[in-house]
């Protein structure tokens, strides 16, 4: 699609897929070198920023997130803010306060989450590059469900200034696109030390691209995974072998602790990050000021936070409490270290660890509504490990199920080694026959 | 009775702890604010290196151990002045621990810990209407110093604070108040249970709050009651401590480490930083090393640390007694003039006194030369002036010989002479000169 | 998780739960914490990081600077006389 056709059909497209929360009113691309969208938890000066939550309805930030500013500086035109689970809490984008984005391959299925809108935009508008954010799997999950390429750089590679925090030691800003070459191109633009985010100030330069030569597959990578995903993953392995990549099996005993540890750390941090949303200073400020402050804050927060947000706040408040902090918060942090060490050890002997991205294809909305919280948390079983370890990782489409729903596989490289992921995705794309979704508006 | 204090002192950095907003002279409420200190979504803290330096200097001053690494934590509590509804402070790994501070050089007060944290904003009290918050103060760096309950009386606590603040002022060049203020949380137990009085501002209020609390607890116990362990606040106007609602005391702060800042390896910096000797320690050292009395040592150091150092140089060049005589006399008398003319190097005084000790010049000449040097003028104008002064004093003594006898019994008699001369000269001579000359001339006649 | 604990946690988090929410969250949190018990058997590791990549010694100079106009930030806020309005204290 040409830039101008994208701009002129934006609202129509959005009506059908609900992938945007806000779209630009610009109809002319002007001097723009490329068009991009940003997940709605990144601050944009000219567009409302809500992070999928009613509590921030109407909020106009006074500054651009560094990642958005850098894309703009490089000639990009921000065409809209993409729809997402409230504050990043979710795997299916069903927890958004502003409508749920629909999968372009099947409108009754989820786009994945929490960057569901971003992946949908990337799939529907070819050539469109979407900025996404991953905490426990929120880039690769939707990328896998929407049949596109997604990359999560190393934690600390892209400045988080302007990112509405979910988990400060877990959030990473990355790219989703239907073109594999966009991954390396745009991560390079957004990367770099930013004094406004100290965690971005210890990165070495992005390593030069190097050819993917070997991958290690954990022995239980396909345990509990659906038959269609198993088959597509097997095809993926065959594809890699024919590209000359060596495939090994490896034991990784710490990975099973990743999801519990991730949820403990993430909700602990999130419950503190969300404390500031209390009806003062930004977003809705329409509480009853005659209430005493405790009651004011409580009534306001209870009114505007969604269900999943409340659940995670409660969980994360509990894990920090006196008497429980050691068993949960401190222990989870300790477990994270052991996962990192295991990855490092495995990656000293190969270029990347490889698994399917998700344990199933995108579920139908009717099935999602029947899932218990634990069941939906377990959907992150494969994306969780690299996320908690801060390892750079990328999802590439590797097959489709019998209904034509996309399936992805996920490469995990060592800290700071994005170069091998960029080239792996680009090489893979050359040999993979992607099936694009039918887009009719 | 046991008293422990948690002292909060603002560090004199030019920018805030986590953002570059200025820390002084804000023209109006909410003018020295930015996304970071307002807690805007997406903003995050950036550590001010100078604050860490100041923190380390204070840790060393208090004799604390500085660990290899230190890091920060979030303390969660909801309040309108708390921009993020959590405060970034230190929890598991404070900057310094396990120090000891000597009150008056004798009584050891153990220092549990010292850490750095951010100040919240300020609330303008408006009765029972909505609160009005000024975030100019939000994010200003604080050092929190926690003592063990080693203090014994409210007066002692006040003395401790006074000495502590003087030493802090000197160690990190803290300006003499104005916008900086010191706040204390005071813990006091008469019996076995202790109560905490939070957020008391200034030394006088600390003593008042502790005194009231001491009396309250004592009365309660005498009447056969029990002291309930609780948090209280101090009402400055009424001079009483009041129990705060029990609910607020139960707050579980739910500490987690602050991931956005990372860790700080401070051992090397701590080893390389040298603290200036505090005035307090210098006074103690001077009395011990040179055998001068406490009052004289205090007088030297409080006039100027440079003057005290000059005393030491003189003592090294001659002897302690000579150094004391000249420092108490001509040097002290002329010191204000020296500072007024921006003098920095007073080593010439040592040369002058050496000449006197070697017998090259008389003591009168020595005094004149010191005075001339300090004032930055030549000897002639000084001696002319002082000759007038001497003449005037001598005349008075001739006319009032009883002064000498009275002086033998009571040194304060000299004030009569001084008062007379001051009236006569009407400010032509500095009071220091008059005092010095009077004592010298009376001394000659004894 | 028992009701009393959920209520205590909710109070601390400044959330007021309906009867229905209290029941639902008690169940959910109980399930989730049950899932978390696997952590108890995870082996201990040397040291623990605050972040995955070892961020250390990132400092800035003590230079005062105003980058954004304060008025731009106060614009979206409920203010009175340049003070930010908030709920009452007592």
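Each chain gets a letter, A, B and C, in the order it is written, and its residues are counted from 1.
The rule we apply is simple: a residue touches a chain if its C-beta (ideal position, glycine included) is under 8 Å from a C-beta of that chain, and two chains touch if they have at least 3 such contacts.
Note that the structure is a prediction, hence the values are computed from the model and not measured.
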item	value
Inter-chain pair with the most contacting C-beta pairs	A-C
Distance-maximising chain from subunit A - centres being C-alpha averages	B
Chain occupying the middle, per Cα centroid	C
Subunit A and subunit B, separation of their C-alpha mean positions in angstrom	54
Interchain centroid distance [CA atoms averaged], subunit B/subunit C, Å	38
Separation of subunit A from subunit C, taking each centre as the mean of its C-alpha atoms, in whole Å	21
Sites on subunit A at which at least two other chains make contact	59, 62-63, 168-169, 195, 198-199, 202, 271, 275, 278, 280-282, 289-290, 293-294, 297, 317, 321
Shared-contact residues (touching 2 or more other chains) in subunit C	12, 14, 50-51, 54-56, 58, 60, 68, 73, 84-90
In subunit B, residues with contacts to at least two other chains	35, 38, 40, 46-47, 78, 80, 130-131, 252, 254, 258-259, 261-262
Contacting residues of subunit A [partner subunit C, same complex]	59-60, 62-63, 154-156, 168-169, 195, 198-199, 201-203, 254, 256-257, 260-261, 263-264, 271, 275, 278-282, 285, 287, 289-299, 301-302, 305, 310-311, 313-315, 317-318, 321, 327-328, 330-338, 340-341, 372-374, 377-378, 388-391, 415
Touching residues on subunit B, where the partner in the complex is subunit C	13-15, 20-23, 28-35, 38, 40, 46-52, 69, 71, 78, 80, 123-126, 128-135, 251-252, 254, 257-259, 261-265
Subunit C residues within the subunit B interface of the complex	12, 14, 50-51, 54-68, 70, 73-74, 79-90
Residues of subunit B touching subunit A in the complex	35, 38-47, 74, 76, 78-80, 83-86, 130-131, 252, 254-256, 258-262
Contacting residues of subunit C [partner subunit A, same complex]	1, 5-6, 9-10, 12-17, 21, 25, 28-29, 31-33, 35-36, 38-40, 42-56, 58, 60, 68, 72-73, 75-78, 84-90
